[in-house]
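Chain IDs A, B, C and D follow the sequence of writing; residue 1 opens each chain.
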Amino acid sequence: MATATLDTAALTNIARDYKVADITLADFGRKEIDIAEQEMPGLMSIRRKYAAGKPLAGVRVTGSLHMTIQTAVLIETMVDLGADVRWASCNIFSTQDHAAAAIAAAGVPVFAWKGETLEEFWWCTNEALSFPNPNGPGLLGPQLVIDDGGDVTLLIHKGAEMEKGDKWVDSPSGSTEESVIKTLLKKVHADYPTRWQDVAKEWRGVSEETTTGVHRLYKMLEKGTLLVPAINVNDSVTKSKFDNLYGCRESLVDGIKRATDVMIAGKVAVVCGYGDVGKGSAASLRGLGARVIVTEIDPINALQAAMEGYEVTTIEETLGRGDIYVTCTGNVDIITTDHMRLMKDQAIVCNIGHFDNEIQMEPLNALKDVTKLNIKPQVDKYTFATGNSIFVLAEGRLVNLGCATGHPSFVMSNSFSNQTLAQLDLWANKDTYKIGVYVLPKKLDEEVARLHLEKIGVKLTTLSPRQADYLSVPVEGPYKGENYRY
Amino acid sequence: MATATLDTAALTNIARDYKVADITLADFGRKEIDIAEQEMPGLMSIRRKYAAGKPLAGVRVTGSLHMTIQTAVLIETMVDLGADVRWASCNIFSTQDHAAAAIAAAGVPVFAWKGETLEEFWWCTNEALSFPNPNGPGLLGPQLVIDDGGDVTLLIHKGAEMEKGDKWVDSPSGSTEESVIKTLLKKVHADYPTRWQDVAKEWRGVSEETTTGVHRLYKMLEKGTLLVPAINVNDSVTKSKFDNLYGCRESLVDGIKRATDVMIAGKVAVVCGYGDVGKGSAASLRGLGARVIVTEIDPINALQAAMEGYEVTTIEETLGRGDIYVTCTGNVDIITTDHMRLMKDQAIVCNIGHFDNEIQMEPLNALKDVTKLNIKPQVDKYTFATGNSIFVLAEGRLVNLGCATGHPSFVMSNSFSNQTLAQLDLWANKDTYKIGVYVLPKKLDEEVARLHLEKIGVKLTTLSPRQADYLSVPVEGPYKGENYRY
Amino acid sequence: MATATLDTAALTNIARDYKVADITLADFGRKEIDIAEQEMPGLMSIRRKYAAGKPLAGVRVTGSLHMTIQTAVLIETMVDLGADVRWASCNIFSTQDHAAAAIAAAGVPVFAWKGETLEEFWWCTNEALSFPNPNGPGLLGPQLVIDDGGDVTLLIHKGAEMEKGDKWVDSPSGSTEESVIKTLLKKVHADYPTRWQDVAKEWRGVSEETTTGVHRLYKMLEKGTLLVPAINVNDSVTKSKFDNLYGCRESLVDGIKRATDVMIAGKVAVVCGYGDVGKGSAASLRGLGARVIVTEIDPINALQAAMEGYEVTTIEETLGRGDIYVTCTGNVDIITTDHMRLMKDQAIVCNIGHFDNEIQMEPLNALKDVTKLNIKPQVDKYTFATGNSIFVLAEGRLVNLGCATGHPSFVMSNSFSNQTLAQLDLWANKDTYKIGVYVLPKKLDEEVARLHLEKIGVKLTTLSPRQADYLSVPVEGPYKGENYRY
Amino acid sequence: MATATLDTAALTNIARDYKVADITLADFGRKEIDIAEQEMPGLMSIRRKYAAGKPLAGVRVTGSLHMTIQTAVLIETMVDLGADVRWASCNIFSTQDHAAAAIAAAGVPVFAWKGETLEEFWWCTNEALSFPNPNGPGLLGPQLVIDDGGDVTLLIHKGAEMEKGDKWVDSPSGSTEESVIKTLLKKVHADYPTRWQDVAKEWRGVSEETTTGVHRLYKMLEKGTLLVPAINVNDSVTKSKFDNLYGCRESLVDGIKRATDVMIAGKVAVVCGYGDVGKGSAASLRGLGARVIVTEIDPINALQAAMEGYEVTTIEETLGRGDIYVTCTGNVDIITTDHMRLMKDQAIVCNIGHFDNEIQMEPLNALKDVTKLNIKPQVDKYTFATGNSIFVLAEGRLVNLGCATGHPSFVMSNSFSNQTLAQLDLWANKDTYKIGVYVLPKKLDEEVARLHLEKIGVKLTTLSPRQADYLSVPVEGPYKGENYRY
C-alpha cells in the first residue's frame, strides 16, 4: 500500500489508497480508537446488532467528516456493516493525524491531514469520491454519502449542473475557496465530461449532520435541484440537543485553553449566537467564571439568554470590553474587520460555527495596516496601527477541532449512531424513498439515547400499562408529540 | 352588586355577579395589579396596539385559569379588547383572593376563592359559563374559551355528549372529582336538557395553555369528538420554554419555602419527570445546594438529565434517602402510597404538575393506619405506623400556586400574550378555521418574545440584507425552521 | 399567666410574664417547633448530651435574638440545660408571632411581636433584662447574655457608663433610635439610679453572633470599656461560613419573593458588599437567572467577585440599569437618597445586613418631594417627582426576617450550637475567664459540624494513624491551622 | 554559552550555564512570555515600581518552582529587581521546554526539562543551588530561596544536619525518591564536607507557596530545626483563595482533557479532599456536567461540600461507580492499590496535590498481576487480572502541570506577586527577621489584589471618611480583622 501523492493531473481515473500525514502514527491512533470504543456505546451496540447481517454489503460510501478518533469508530462501524468506505475530512484543520493513520493502516482509503491547503482539501474530497471500478476502467462514485457541512453534496450537485450547462463555474468567486472548487470542477470536466452525472445516477442518498449542511439541503429542495433523498441527522434530538450543546460546552474552552492557556475567570466573553452551540459555549465560559455577553438576532433566543442571566447586546456595544469572542451563528460577517480594529488589546477571537466566514478572515488578512505574527500552529497575533493586538485562533475555523480534538467520544457516539441508522435506513428503503429531506423517526431518536444510558449508570423508569394508557403512548415509546422541544 | 351565594339549585337560569372570598381586598389587589402591569410588557403592549379597535367587542369569553394577579392583567386586557368576560379558577387552591376581589370590584363576574371544595370548584366553573341573555330568559354560553387544563372544554364536551345519549355520567367514577362533575352535569340536564348543545352551537374556539389540556385536545381530535378549533398555546416556544421552565425555576422553591421554611442545601431532592417543568424544578433545587435525583421514562430526557450531572434512577431506589419529592410528569400514580410508606422520616412530598393524581392522594387519605395532622393551610403531616412522618403540600395540587403565588408576572406575560393573540386569531378567522388543534405561527411567537426584551434591557442585533440572504430568512423573521427546538 | 401591657411607668420593679401578639397562636407555633427540632440536629444533640447534668441550673440568661421558630428551639435547649431564660427579639420585624406565643405558653418570659415600634422594641429589651428577685424587692439582671447585634450589651454598657457620669444620654442623637434608647435609660435611671451597675456586677459573659455585634465588642475592648468576657460566635467557621453564606443564599430571594413576587430571571441585581452574606446573596440571585453586579471596597473581595464572573463596579454606575438592590456591608450610607432618586423605575431596594442604616431610610422618609404608598406590610412604594417609583422592603431592615422567616432551621442549628457551647463555656469557666473577646476553639467548631453530618447523610473518612502522622494532626482532629480559611 | 551535560561527577565545583531540552525553542518561549506579561499585571506593576531601585542587586536567589511560562515572568521580575537567579523545576513533568529555553537564552542559568528522571531532578536542584564564586574557587549558595513544595529547603536542611552528624542519609528509604536524595547528599559530602553548612551561613530566608511546603516549615519550626526566617506565601489570601481555588478550577479539566479527551458530562467524578484545591476541582468537573462525589476527613469541609450539593462519602463507597478520581488532600495513601483494583473499568485516576504519594504509585507499579501500557506521554493504562483497566495520568504527579500547562497566567500573577513581595521583605529586613514562619501583612495582600483589578475592569468603591470611621478602618485599608476568612 502506498501513500498517494497530490497528483492533481489524474483526478478521474486512479483510485488511490490513502494520503495521510504520517502512517507511522497508526499504532498510537489504534490505542486511542480502542479507548474511544469504550466511550461510544451507541456505535458499538449497532455493530453488535447488525454486523452479522452485513446490511451494507458492498455499498460504496463516501464520508466527508472531521477525520478524528471518533470518526474512526464510525468508519469502522460502517465497514463492519459491510460498506466499502472512502473518507476525507470536512475541515482543513480538523484531522487528527494518528486517527487518519490508523484508518489508512486498517485498509480504508482516507485522504486527510491536519493543515491542508484549500487545494489539498478539495483534492482529498475528490479522492474520497473516486471508487475503483472493479469491472473496467474509469471510476465509480458513492452510492451513499455521509456529509458534514455538505461539501460532497455541493460538489456532486455543482458538477452535475455544470455538465448540464450551468455557468456557475465561470462566474466571479466570492471567496478563495469558491475559486478552488471551480478550478477542480473544470479540471475534472476536461478529463471526464459526464463524471458527475454518472456519479449522480448511482447515488441513493445522503445523511447530513450540521445546521449549515441541512440548511443547504432545504434550499436545494426548495429550488427543486436536490438529486437524492437526504436525511437531516442534525435535527435528531440526540444530535442537535447533545452534540451541539454538550459537545461545545466541553470543547470550546478546551480549544481556547490549548491555544492560549488564558485565564477564563474574570474575563468578558462575547458569544455571538445563542442556538444550541451558543448555549453550550456560553455555559462553558461561565462555568469557569467568565462574564458572558450574548449577541442575537432572534428575539426568542435572545430572551432565553436573558433568562439565564446573560447580558444581551450588540457586538458593537462590547468592543473595548470583550476579552474573548466566539462566533456560533451559522451566518457570515459576524465579526468584521472594523469590529476587530476596535477590540480591546489582547482580545481573543475564534469561531465554533461550521464555516470560517463568520469572522471576516479574508478581509483581515488583506488589510494593509495590520501585521500578523504566528505564535504557534493555529494561533496568530494581528497587530493594528493603534498598537492593539488580537489573537485569532485556527484561522477562524472551528476552534474546538483546530486547536483541540473536537467533541468527546461519548457525545459523538450519539451523533454517529444517528448517522449510521440514517445510512441503514436510506439503503434499506432506497427503492421507496422519494427525493426530499427527512428526519429520523422519533422511535429511532429515543433508541439512540437508550443505547447510551447504561454506560453512565442511568436507570430508566418503565410506564405501567395504566400510565401508558393515561398518556396514550405505548409503554415502549415513542413518548412525545412532534411539537415537543426537549 | 351582590356576591353570589353557592346556590346549587339554580344552575341554568341566573347569571350571578361574582363570588369571591372577601371583596374588601379589592384595593390591595388593585395595588398589586398596578405593579404587575409594569412586569407584563407583552400584555400591555397588546392593549396599546389593539384596544382602540375593540376587535373582541361584545364577544363572550369564559376563562378557567388560576385567578391570580397576573391573570387579572390578562382579564383586563381581554376587557380592553372589547370582550365580555366571566372567570373561574382552574384549581381549588390557586386563587389569590385579593386578585379576585379587585376583578370583581372592576365589574367582571369572577367565581373563585382560595380553598374551594370540589363541589364549589365545579359550581364556579359552571357560573363562568353562564352569561346573561340580554334578549330573553335563559343563559347563553361563551363564544370563546380560555382554558388551562381543559376543564371548561371537558364540561361542555361531556355535557353535549350526555345530551346526545352518552352514558358516561352514569358510569362508575374513578375519583371523587369525576363524580362531582357527573352530579353537576345531571343537575343541569334535569333543568335544561339542551343546555350544552346550545352552548356548543355558538362556541367558536378555545385556546389552551397546559401540556395536560393540550393532550386532551389531541385525544379528542383523534377520536373525532372535538367540537371547535383549538389553539395549542402550550407549544408556543414563548410558553413551554419560558413559563414551564423559568416559571417553575422561580416558583417551586418559593412554594416549598413558604410552606415549610426547610433548608434546601444539603438535601436530596427527587424530581419526577424531566420535561420543561422538571428542568426548571431541578435547576431551582440545585441552585440552592440540593442534590437532585431525576426519574424519567423517556431515554432522551433521561440522557439530558444525566448530561446536566443529575443522578437518574427509579423512585424506588430513592426511598429512604430522598428528603424532598416533586412530581412534574403529567402522568398518574407517580408517587404511590407504597412509596410514601417507605420514605425517609420528615420527607416533603409535593406536585407541580397540573393534576393532583400524580401523587396517590385519595388512596393516601383512605389508608387506615395513617394519621393526618394539619400544620397550617396547605401543609399536612401524615404519620405512618412505623413512626415516620411525611409532609404533603397543597394536598397534592400545584405547590407553587397552592403554597405560593405561582409564576411571576414577567414570565406569565409571555404565556398570556400567546393566549391573547390566540383569542384574537380565533375570532378574526372564525369563519375559516376548521376544527383542529393549531399552534400559533412562529412569527407571532417571535413577536411575543420581542415585546418582552426592552423591559429587561436586551438589545437585539439586526440582520444585514446580505446576512438575511445568506440564511434565506427575512430580515424581520421568522428565523427558524419547524424542526428547531430552541 | 397574663400578657404584659406596655407599661412604661414600671421599668425597674416588675418582672412581667410575657408580651406577645396573640397567645392563641401557641399551638401552631408548637407544631412548627416540633418540625424544626428535626432539622436542628446540633441543638438536639447538645440537649441529649448535657440536659441531665443541668450545667446552667438556675443561671439567669437574657437573649436578644430574632424570636423565630429556630430561636424557640435554642431557647428550649437553654431551658433544658437548666437556665432561667428571658427573651426579646433583636429586630422590630423579625418575630414570628406563633413562635413567640409557643414560647410564652411554655412559661418562658418572652417580649416580642412582629412590627414593634422603636419604643416597644427597647421596652421589650428592658423586660428581657428584668428578672424577678426571689429574695426581695427590685429586679435582678442576667448572668449571661445571648446577643445578636449587641443591643443588650449596648444597653447595659451605656447604662452603667451613664450611672458613672457619662453624658452620652444628654448628647444630640444621630437617629430616632438613639434618642429612644436615651429616653429609656433616663427613665430607668430616675427610678433606680444603680440599676445597670447592679446588673453588671453579676454579669459573667456574653456570646454574640453577628459581624456587627462583634465589631462593637472589639471596639469596646480596644477602648477598655468592655465589662465582661465575650465569645465571638460569628467567627466560628460553622457560623460565618454557614449561616451568613448558605442562610442568605436561601433566605434573600425568599424574602424578596414573598414581598414582591417579582421575576428574578433577566433582572439586573446589585449586591453591595461581597463578604459571606454578599456571596450568599449573589449566588441566590444568580441561581434564578439574575445578572448580578457587585460593589466592593476591599480589593480582595472584589477580585473574588470578579473570579466568579460578576461585574464589579460602583453603585453610581448601576443607577438606571439595576432592578434589584441588596445591601450587605455592615456599613452605613450604602444606598443614599441621591442613589434612590436616580434608580430605574420599579427598582426594588432592600437590606440583608444587620442594621437598617445601610440604606438612608430616615433621610428618605424625610424627603419632601417623595410620596410613600404602603402596598402591604413591609412593602412600601416611594414615588419621586420624576414619576419613577421604587419599592423598599421591610423599611430597610433585614429583608429575610422582615419579609420571610429568616434562615432555615438546619443552618441556624449550626449557629445556635455555637451559641450554646459558648454559653456553657462562659459559665463553666466563669472564674478564670478574663475580660476579652474570644473565639471558640477549633475542636468545638469541628464538633458543631460533626453534629450536622448524619442528618444529611454525609459519611466522613477517618484518617489512618499513618496519615494522621504524615499530617501531624490527631486522628480525631482538630485538623487545620489557624491561618486556614475554609 | 553551552548546555550543561548531566555531569554527576562534579557537583560541588562547577557553576554550569543551563540545561534545557531544546534551546531552539527560545523564540517560541519568548513569544508566549510576551503574551503572559499582559496577563500578569501584578508582577509587571512590581517591576515598574521597584526595578529602578534594584532592591535585590546582586542577591543570589535559587528558585525551585515549576519552570513554566508564568514562572519565566517571575524570574525576569526578580532579575529586573537586581537578583542573580538560578532555577530548577520542582516537578519532573511540569517544565514547559520553550519557557526554559527562553530563560536560558536570556542568560539565566536554568536546569529543567519536561520528563526528568528522579536523579536528573535532584541534579537540577543541586545545580540551581550552585552559584559561581567570583572571588575564588568553590561554589556559593543562595542568599534567598523561592520554594514550591520545599525541596530546596529540605536539601539544605538535610545536608547541614548530615554534616553535623545526623544519620538520616544512612537510614532505610521509604521511597525511591528518598534514596535518590540520600545518594546526592552523600556524593556532595564526599567532595565538600561542609558544603551545606557554608550555604546555610549566607542563607537569609525562604518564601514558600504550597500547603505542603508550608506544612514542612511549621514542622521544622516546631522541632527547632528551621535555619532561616520563612514567609508562608501560601496563606496570603491572594494565593490560597485564588491560585489553589480558581487555578485548579481552570486547569484540572484542562489536564484531564489534554490527556484523555474524555467527556466529563454524565460521569461520576470523585474528588478526594475539599480544601481550596478540592473546591476548585469539584467546581471544574461540575461545570461540565459531572456528578461529583467528595471524600473528606474534616467535618467542616465535609459540611461545606454537602451545602454545595455534593454527595460526601468514603472512597470505598464509590468504587465501581466512579469514572474519574482526583486527589487533592496533601496526604498520603488516599487511593491505594486495593482501591484501584476495585474501580470501574476505564476509570481515570489523577492527582492535583503537590506530591505523587496521594496515589500509591510505587506499590501499583510493583504489582505482579497488573500490566501497564503507555498510551502517550503521561497517560498509562493499567490492566488488572479481572480484565478491568484504569488510566493513570502524569504518573500520579500534578495532572494540571503534567498533562496541561498548569494554572493560567492571571492567577499565577497573584501568587508570584506575593512571592516577589516576600523576597523583597525578607531581604529588606534580613537583619531584624528572627527565625520563624510569617505571613505577609494584610495590607500587602490587599495590594496584590488591587494590582489585578484594572486588567479585568473592576471598579472599586472608596469609603467615605464617615464610613471608614463607622467601620473603624482606614479609608485605604486594610479592611478586615485576622479572623476574617474571605
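Heads up, the rule we're going with is that contacts are C-beta pairs under 8 Å (C-beta built on N, C-alpha and C of every residue); 3 or more make two chains touch, one makes a residue touch a chain.
Since this is a predicted model, take the numbers as computed values, not measurements.
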Homomeric contact chain B-chain C: same or different residue positions, threshold half: same
Higher-contact pair (C-beta pairs counted), B-D versus A-B: A-B
Chain centre separation (chain B, chain D; CA means) in Å: 58
Separation of mean Cα positions, chain C and chain B [Å, integer]: 40
Where chain A and chain B are represented by their mean Cα positions, the distance between them in whole Å: 42
Multi-partner residues of chain A (at least 2 other chains): 246, 265-266, 289, 303, 306-307, 456
Partner chain C, residues of chain A touching it in the complex: 265-266, 286, 289-292, 303, 306-311
Chain D residues touching chain C - in the complex, by the definition given at the top: 215, 218-219, 232, 235, 237-238, 240-242, 246, 276, 295-307, 312-315, 317, 330-333, 414, 439, 445-447, 449-450, 452-453, 456, 458-464, 466-467, 470-472, 477, 479-481, 483-486
Of all residues in chain A, those that touch chain D in their complex: 28, 31-32, 35, 38-39, 69, 246, 249-250, 254, 257-258, 260-268, 283-284, 287-289, 321, 345-346, 373, 375-376, 381, 391, 404-405, 408-411, 456-457
